[in-house]
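Can you keep this structure in mind? I'll have questions shortly.
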Amino acid sequence: MSAFAVLAQQPVIPDFGTGSKCETENHTFCAGWVADHWSDTLQPALLQHIKLAVIAVAIGFVLAFAAALVAYRYRRADQPIGLLSDFLYTIPSLALFQLLVPLTGLTVTTVEVALVSYTLLILYRNILEGLKGVPADVREAARGMGLSRLQSLVRVELPLAVPSIMAGVRIATVSTISIATIAAFVIPEGLGRPIYIGITQDIFKTEIIAAGGLAILLALAADALLVMLGRALTPWRNA
Amino acid sequence: MIRVLADTFSWGTFPDAIRFIIDHPGLLWHKSVQHLELSGAAIGIALLLALPLGIVLGHLGRGSFVAISVSNLGRALPSLVLIAFALLVSQHFFVNNMLALVVLGVPPILTNAYFGIEGVDRNIVEAARGMGMSGRDILWRIEFPLALPLIIAGIRIAAVFIIATATIAAIAGGGGLGDIIVNQATYRLAGVVGASLVVSLIAFGVAFLLTLTRKLLTRSYVSAD
Amino acid sequence: MVRKHARRAVKAAFALALAIPIVLGGTANAQTTATPTITVGTKNFTEAFVLGQLYKQALEAKGFKVAYKENIGSSELIDTALTSGKINFYPEYTGVLALNIAGVKPAPKTAAATYAAAKAFEEKRGYTMLRQTPFFDADSFTVLTSTARKYGLKTISDLKKVPNLSYGGYPECDKRITCLLGLKQIYGLKNIKFVQLGTIPVTKLIDSGKVTGGDIFTTEPALANPKYTALIDNKHIFGFQNVAPIVSKKIVAAYGAKFTNAVNAVSAKLTNAAMIAMNKAVAVDKKTPAAVAGAFLKANGLA
């Protein structure tokens, strides 16, 4: 069939099928829509969201841990590091995403840099406070037993700081899951995207409730998991 | 390295953003005022609801479970989700965004007020009771001043969070600087970055003012914190 | 001892923090091997998703391998994606390209002239434009059909007869000659009032009588409803906004006539009625763009 012949015809417009009454009239919750679109919309968004959060907390933890160790050893470093984290934390999340866009584009990198910045303050503070919270006499006892500084750190001080560190990881994870919904303004990933589409497409209630509900459930589930992890890591406490 | 980071966009957007700010003072002023109106109203209502409740509960030493749960729940509620849910409740644009912002602002204020008051050294409280001070006097003359740093820290967290979320509220008709930041098609990247700079400055300003307030209010005594 | 280990820990953390973005950035970069992969990009709204799926699936049906980058953003952002090599194919509106990106002055007076200006601009940069679609997605002055009947309105010029004229338009419309300023100056509707559109749908404003007419895009699902009539833009202030795919010259050279014929065959079938129907299927009936595009292509023997 030559291109010319194709051009000469009017198109056939097939019947695309109407949406269910629930969908076209925008009832509060259409279970049918959720079932139909779980695998093409909701599940991918959920998995992307988990991935974004995990990477952010992991990198944030590594950076915050290193910074806390430095500040633990050199007390003077606490002020500048704390100030920097606080500064980043005060920038409104959407603004921080957009400020990074000229530098790192509309990419996952932009989102991750911003998410990591928000975890830094919480994790840094909690790790540092956890280490500082080790009683002086415990440290002295460890030293008295002949442990070197490093051995004391690894075998005594860090384990005692675990509750505070885990509290920090818990808060950082839940916050990151929350803020990651805003990533949808920059990249089409995460649970924020179905919510954003739901709002801009004539406020489609089902999509908003489904994706929003998933985001809240994810945050609560992560919180619960981390509580259990914290308890498992500190068997000597009845936390 | 720079190539990897900036292969699509460039540092040049920042001077463009400054240019946008200089070229559109009226627009940015109007949006900033709108933004502060929405945020301010939300912070005010959140304070009215959460502060007395947190202080009273902390003073009585009751409801720590509530305080902790509210705090956890508040953190688990993504701001975008709240804005979206609020839209489902009401389509009157000031009302629904206020609702969302107040819900987000209450947890930090409540929790910090509670733990601030409750965490005052019991010995001091006991000593005061021994001296014959009434419960109300203890609250206002001892517990409240000592808890002030933590209370103001909570207000600061809530304020910054509300200002940040008010930015997103633009997609639900909330107005403010978010109107520019979410509308890249109209205002271009320079406009979006410019408005982002402005809203960041506002957040810093408010945070700074609150920290300053705390310092001024507590300079005459050493706090328990 | 701790100093050395703390320093090592910091160095390791730094290295990790640098390595991850580089790896992420590196794997995201477009291929620069001998035969470039066709990478289709789309803007960030319903019609763009439908168009993207139409071209993608039509090409795949003819045996081409297609990479797909959906939801890149507005014109400014997707143009940057094109020039930086992230994509090498995207459907653009001729008017947007000619006026907003190329900045052609004076504004072209016909659809053909707009297309020619846009194509000339792209060809200077190493890209070309394939054939344009019959459909155009431009702004409009849409009124209730009852209003049109009452005042005998067919074109925007006819609005002179209407008292208390008001128009619901998008932000910045009141500053544009391609919008409110054009209505005032070119059509002479000096007393027209501007109502800025926000989150309340323009259809609600028109229905309630809050505005005489509003900006409903010419392929929006609402226009499938006989309740609304889009007035003819006889003086063409809203410009011409047919769609034509921008493709890099390298792709055309690499894949030849089989590629361009496949794309043009799709474009030829995209009339206003077709686009309105497809947009409605996605926006109102909640079908996915992929499914809708697939059904259309199949019904027209293109997939």
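For clarity, chains are labelled A, B and C in written order, and residue numbers in each chain start from 1.
Everything below uses one rule, namely that contacts are C-beta pairs under 8 Å (C-beta built on N, C-alpha and C of every residue); 3 or more make two chains touch, one makes a residue touch a chain.
Values in this document were obtained by computation on a predicted structure and should not be read as measured data.
S.K.: Could you name all chains that are in contact with chain B and with chain C at the same time?
M.R.: Output, common partners of chain B and chain C: A.
S.K.: Could you tell me which chain lies farthest from chain A when each chain's centre is the average position of its Cα atoms?
M.R.: Chain centre farthest from chain A's centre: C.
S.K.: Just to be sure I understand: the centre of a chain is the mean of its C-alpha atoms, right? Then which chain's centre is nearest the mean of all of them?
M.R.: Measuring from the global C-alpha mean, the nearest chain centre belongs to A.
S.K.: Averaged over CA atoms, how far is the centre of chain B from the centre of chain C? Could you give it in whole Å?
M.R.: Averaging C-alpha atoms per chain gives centres 38 Å apart.
S.K.: What whole-Å value do you get for the distance between chain A and chain C if each is reduced to the mean of its CA atoms?
M.R.: The mean C-alpha positions of chain A and chain C differ by 32 Å.
S.K.: With centres defined as the mean C-alpha position, give me the chain A-chain B separation in Å.
M.R.: Computed value for the inter-centroid distance: 20 Å.
S.K.: Which positions in chain A are in touch with at least two other chains?
M.R.: 104, 106-107, 109
S.K.: Give me the residue numbers in chain B that touch at least two other chains, ranges are fine.
M.R.: In chain B, the residues touching two or more other chains are 5, 7-9, 171-172, 189.
S.K.: Which residues does chain C have that touch at least 2 chains other than itself?
M.R.: In chain C, 21, 25, 73, 77 touch at least two other chains.
S.K.: Considering only the defined contacts, which chain A positions touch chain B in the complex?
M.R.: Against chain B, chain A makes touches at 28, 87, 89-96, 98-99, 101-107, 109, 171, 174-175, 177-182, 184-185, 191-192, 195-196, 198-200, 203, 205, 208-209, 211-212, 215-216, 219-220, 223.
S.K.: Inside the complex, what are the residues of chain C that reach chain A?
M.R.: Going through chain C, the ones touching chain A are 1-3, 5-6, 9-10, 12-14, 16-17, 20-21, 24-25, 28, 44, 46, 70-73, 77, 201, 261, 264-265, 268-271, 273-274, 277-278, 281, 283-288, 291-292, 295-296, 298-301.
S.K.: If you look only at chain C, which of its residues touch chain B in the complex?
M.R.: It is residues 21-22, 25-26, 29, 73-77, 80-81, 84, 86, 170-172, 198-200 of chain C that touch chain B.
S.K.: Which of the residues in chain B come into contact with chain A in the complex?
M.R.: 5-14, 72, 75-81, 84-85, 87-88, 91, 160, 163-164, 167-168, 171-172, 178, 181-182, 189, 192-193, 195-197, 199-200, 203-204, 207
S.K.: Which residues of chain B touch chain C once you look at their complex with the stated criterion?
M.R.: Against chain C, the touching part of chain B is residues 1, 4-5, 7-9, 93, 171-173, 179, 183-186, 188-189.
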